[in-house]
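In the two complexes that follow, chain A is the common piece, with chain B as its partner first and chain C second.
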Partner chain A sequence: MKPNDVILNTVTKLAAVIIFTFSIDLFWAGHHFPGGGFIGGLTTAAGIVLLYLSFDIERIEKNLPIDYKKMAAIGVLIAIFTGLAGMIYGDNFLEQTFGYFNIPIFGETELATAVLFDVGVALAVIGTAVTIITSISEDEL
Partner chain B sequence: MSFLHFTILLPFIAAIVVPFIYRSFNHKIHTGWFVVLVPVFIFINLLLQIPSISNGENILISMPWIPSLEINFDIYMDGLALMFGLIISGIGALVVIYSIFYMDKNREALHNFYIYLLLFMGAMLGLVSSDNVFVLYTLWELTSVSSFLLIAYWYERKKSREGALKAMIITVFGGLAMLAGLILLVMITDTYSLREMIANVDLIQESALFIPALLLILLGAFTKSAQFPFSIWLPDAMEAPTPVSAYLHSATMVKAGIYLVARMTPIFGGSATWFWLVVGIGVITLFYGSVRAIRQTDLKALLAFSTISQLGLIMSLLGVGSAAFYFNPGESQQLYAFALFAAIFHLFNHSTFKGALFMVVGIIDHETGTRDIRRLGGLLSIMPITFTIALIGSLSMAGLPPFNGFLSKEMFFTGMLQASEVDMFSLEWLANGCPILAWIASIFTFIYCMILLVRPFLGTFKPDRLPKEKVHEAPIGMLIPPIILGSLVVLIFFFPNILGQYILNPAIASIVPDLEKPFKITAWHGFGPELYMTIGVIVLGLLLFVSIKKWNIAFRVLPENLNLNYLYSSSLENMEKRSVSFTNRYMTGSIRHYLIYIFVFVFSVLALALITLNAIDFDFSNYAYVTIYDVGILLAMIVAALTTLFTRNRITAIVSLGAVGYLVVMLFVIFRAPDLALTQMVVETATTALFLLCFYHLPKLGKKVEKVKFKLTNLIVSILVGVTVTILTLVATGHKLFTPITEFFENAYELAGAKNIVNAILVDFRGFDTMLEIAVLFIAGIGVYTLIKLRSKGSDTDEAETE
Partner chain C sequence: MFDILMILSLVILTCAVLLNIFRVVKGPSSADRVQALDSIGINLIAGIAIFSVYMNTHAFFELILLIGILSFIGTIAFARFIERGVVIERKR
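And now, the complex of A and B:
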C-alpha cells in the first residue's frame, strides 16, 4: 500500500511543467547557446522519471501512453532520414542546410535542418533513458 | 591433354565413376571386376612405351594447370618413371584381382575401398612421372591421404584408426619437410622443373642452402620409406586389409621415398653428407628391421619389419651408388653406378616377392582366420599351392638361388664391399662397419624367412586352435595373382637380362645419363667374396634358426620400453600434457590475470616506444598558468579518488566516485565547456543512481563489507601504467606538430547558422558520429530491456536444455 504523498504529488505537478519547459528551452537554445538535443532529451527524461517516482506506474502509463522503445527507434530513424533527405537534392549524406524565412508570427526566423536531426537525437535519448530506468525499476528480483 | 596424361589421370576419372557402378551392378558383379580394367589399361599403355624409352627417347608432355605460376602438370617419362609406372599398374592390377576374392562383396563397403585404392594409384603414377616439383609434392601428399584412408578402412576398429593416425602424422611431417626442401631448391635454381634442376646442378652444389635442402628432402624420403627411426608407422599400418598392405606397404608407397632419393641422386650425389646419410641410415634400417622381424608372432608384422629391412637395403645401395657422381665418366663411375643398378634391381625384385608373400599371408588369414604363427602349423598338405608360392617368395627374400633375390643379394654384397673401399669421404670405421652390419642383417633376414616358411606350413596341424573349422586351399582367383608374381620371381632369375635391357638399364640411364656401357646381370661371378658371404649367411642362418629357442630369450632381457614406439607415444602424450599444462598456467579463467597481461603489455609497448624513439622530452613553455581553482579542484579530486581506492565500504566508494564526477563537472565549468558540464552532470547523476541500484541488488550470500585486498603486483602494474600514461600525455601536449583545425569551426555561424560551435559540430560538421552514437545508446537501451524482460525464469542450464 503506497502512502498518500499529497505534498510530493502537488510539487511534482508543478515541477514537471517547469522541467519540461526548461528542457524544451535547452533543446531550442542548443543552436546558439549551451544545450541541444542530448541534454534537452536527458532533462525531459528526468521529468518523466520524476512523474514515475511520485505516481504509480499504471497511472503514468494511462496518461502518457508512450512506448519508449519505439520512441528511441523513431529518434534514430529520424536522424538517419534527415541525412538521407539531403541526398535527394544531390548533397552528401548528413549535409545540413539552413535559411532565414519570414514567418507570419515569429518574423524573421532561422530554420535549419540540423534541428530536425537534433529532434531525432532528443527522441532517442528520451526513449533510451526512460526504457532503461523503467525496465530496471519494474524488475522483480 | 595428351593420351599419356589421360592414362595417368585415368584412376582419378575412374574413382568418380566407381560409386555409380557399385550402386547399379554390385549385387550382381563384384565392383572389382570393373576396377581391374583401369590398371590393366595403364599397364598395357606403359608397356607400349618401352621400345622408345629403352632407346633413350624420353617423353616430355606438358599440361597447363596454373600457368600464371608456372605450375603445370608436366609428365616426364624416362626409364625410372616407366619402371615405377609398370610396378604400380602391374601389381595394382594383380592386387585388384586378389581383392575381388579377398573382400566380400556383400559385407564390405567396396565403393570406398576402390575409390581410395584408385586415388592412391593415380597419385602414385602421377608422382613418379611428374617433372614439376610442386605437382610431385601435391601427389606425394595425396598418397599419404589415400594411404590414411586405406589403413583406416575398417574404421570401427580402434587399432586401425590408431595406425592410420600414426602413419598420417609421420608421413605428413616428412612431406612438409620435403616441401620445404623443394622450395629451397626452387629458390636456388629458380625453376620448378626437376630436369632443369638437374641441369643446374652446379648452381645447387655451390649454394649455401645445399645442406638444408638435402636434409629436408631426405627427411621426406626417409619418413615415407619407413627408414630408421621413422619406420614405426609401417608395422601399425598392417591393420589395413591385406590387399592394401600388399600394394601400398610393400610394393608402391613405401618406395616413393626410394624414388625420390633415386631422382635426387644426380643433384645431391657426390657429396659426403648424402653418401653417409643414405648409406648409414639404410644399413641401420636394414639391421633394425631384420632383427625386429624375428621377434614377431604376427605374420603381417613380420612382413612389415622385413619390408623395413629390405627398404633399408635398397636405400643403402642407392647411397653407395651416389658416389658415382663423385667421379667423371669412366671405370670408377661404372663401378659405383653398379650399386645403383643393384638398388633398382632389388627394388623390382622386392616388389614381386613381397607382393606375393603378403598375398600368401592374406590367404592364410582368410582361410584359417588367424595370422598368429603360434597357432598355425602343418598347412603344407592343406595348402600346397600357397606353400609353393611362400617357398619361392621367402627363399627369394633370403637370397637363395634359383630366385631373383639371389641375384640382387649378390649385387648388394658387391655394392657394400665397394662402400668399404670408398676412400674419398674418409670415414674408415663406418666404411668397414657397413658390410659387416649388412652381412649380419642378411643372416637375420635368412632366419625370419625360415620362420615365415616353416612355422605356418610345417609341423603339426592344430585345427582346434584355429577360429575357422574347415580349412582348405584358397579359391583359384586368390591364387592367380601370387602365382603370377611367384613365376616372375623365378623367370627373372633365369632371364634377368631381358628385364635389365628393357627396364633396368633405361632406369639407370635416367639417373646416370653418361654411363660407359649398360650392365649385365650374371648369376655366377666365380668364387668371389660375395659367394662366400652368401654361403656364410646360409650356414649361420640355418644354425641359428635351428637353435632359435635357445637364444631367442636374449631379446627378453632388453627392456620393453626401449623401443621407438614407446618413445613415439610417450612423446606424443608428453606434448599433449605439456601444452595443456602450459595453456592452463596462463589461461587461468581469472579476469584479473588477463587484465594484468593487458596492462603490462600496453605499458611496456608504450614505454618501449617512448624510450626507443627517444621521445621523453618535456616542453612546458606553451602551458597556461595554473589558477587557484584548478589546484583546489584537483586536490579534491585526488582525495575523492583515494577514498574510492581505500574505503572499506562500497557505498562510500560509489559516493566518492560520484564526487569525482561532479568535480569533473566543475573542471568543465572553469575550462569553459558548458555543454559538457551540463551533460556530465546529468549523466553522472544517472550512473550514480544505477550504481546504487546494483549495490542494492548484490546477493545476500557472502556480502561482507571488507577492505580491498592489497596485492603488490596490482600496485606495481597500476603505478607503472599511470606513470607511463602521464609521461605520454606530458610529452604529447608539449609538442604540437600541426596547427589545430579549430579555426575552421569558428566559422560555425556562417557555415551552419549556429552560434553554438559544440552543437554545430555535433549535429552538422560531424553529424555522422552523433548519428551512430544515438544508435549506440538505442542499442544499449534495448539491451537492458531484453536482458531484464526477456530472460527465462529458470537457471542457465534449463535454458540450454530447452534450446
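And now, the complex of A and C:
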C-alpha cells in the first residue's frame, strides 16, 4: 500500500512560505537588529530541507532546479569581489561604505555595501548546508 | 514582586524540562523520546519569552520563531526516520 501523507504536504506548503518570509526578514534586519547573512541563509536552508522532507528529491529538483555547489561558489565570489571593490576606489581591502538615498516608497533610506557582502555570505551558507544534507541523506547511491 | 513572579515561572519551566529529560532517558520506545524532545523545544520557547520580559529587551524575539521552526523540522525528520527508515526519499 502506498504511503499517503496529505497532512504533511499541506502543512509544508503553508509553513515553507512563512519560513522563507522569516528568513528574508532576518537577512534585511541584520544591520540594526539581531540577524544577518549567516542566520538568514541558515533559515532558508531549513525551509529547503523541509521541502525535501515533505516531497521527494526528484520533484524538488524538477521544480527548483538549483545547483547548490555552484551557489556556494558564487556566494564566495560575491564576497571577494565586494572586498575588491573597496580597493578599486583607493581604500583598503573589505572597506565598506554607506550613503543616504531617496527611494520612492521608503523615503530616505540608508543603503550600505555591507548588504552585498551579506548576500555572498547567505548564498555560501545556503549552498553548503543544503549540499551537506542532501548528499548524506540519500537512501540509495 | 514582578521579578519574583518571572523567576518563579522560570523555575517551574526548568522543572518541566527536567521531567522531560527524565522521559528522554527512560522512555521505552523512540517515539516517546522524540515527543519529549519536541516538548523540551516548546518549554525553551516559553523560557526565552519569559527571560526577555525579565531582561526588558526585545532582542530575543527572533529566537522564539527560530526555535519553533527548527523543532518542527527536527520532529518531522525523526518521525519520518521512525516510520519509513529513510529521511529524504529519492522517488516516491
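Quick note on the criterion: the second predicted complex is superposed on the first by the 136 of 141 C-alpha atoms of A that agree within 3 Å, B and C clash if a C-alpha of one lies under 4 Å from a C-alpha of the other, contacts with A are read in each partner's own complex, and residues count from 1 in each chain.
Keep this in mind: a contact is a pair of C-beta atoms (placed from the backbone, for glycine too) under 8 Å apart; a residue touches a chain by one contact, two chains touch by 3 or more.
As the structure is a computational prediction, the values presented were derived from the model and not from experiment.
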{"item": "Partner chain(s) touched by A:8 [first = chain B, second = chain C, both, neither]", "value": "second"}
{"item": "Which of chain B and chain C A:57 touches, first, second, both or neither", "value": "second"}
{"item": "Touching partner for A:72 - first (chain B), second (chain C), both, neither", "value": "first"}
{"item": "First (chain B), second (chain C), both or neither touched by A:43", "value": "both"}
{"item": "Which superposed partner A:35 touches (first chain B, second chain C, both, neither)", "value": "both"}
{"item": "Comparing the two partners chain B and chain C, which touches a greater set of residues in chain A", "value": "B"}
{"item": "A:81 touches, of chain B and chain C: first, second, both or neither?", "value": "neither"}
{"item": "First (chain B), second (chain C), both or neither touched by A:106", "value": "neither"}
{"item": "First (chain B), second (chain C), both or neither touched by A:129", "value": "first"}
{"item": "Interface residues of chain A shared between complexes with chain B and chain C", "value": "26, 33-35, 39, 43, 46, 138-139"}
{"item": "Interfacial residue positions of chain C with respect to chain A in the complex", "value": "59-60, 62-63, 65-66, 69-70, 72-73, 76-77, 80, 84, 86-92"}
{"item": "Of all residues in chain A, those that touch chain B in their complex", "value": "26, 30-39, 42-43, 46, 69, 72-73, 75-76, 79-80, 83, 93-94, 96, 98, 110, 112, 114, 117-118, 120-121, 124-125, 127-129, 131-132, 135-136, 138-139, 141"}
{"item": "Footprint of chain A on chain B - complex, ascending", "value": "674-675, 678-679, 682-683, 686, 690, 693, 697, 752-756, 758-760, 762-764, 767-768, 770-771, 774-775, 777-778, 780-782, 784-785, 788-789"}
{"item": "Chain C-touching residues of chain A, taken from the complex the two chains share", "value": "3, 8, 15, 19, 22, 26, 29, 33-35, 39, 43, 46, 49-50, 52-59, 133-134, 137-140"}
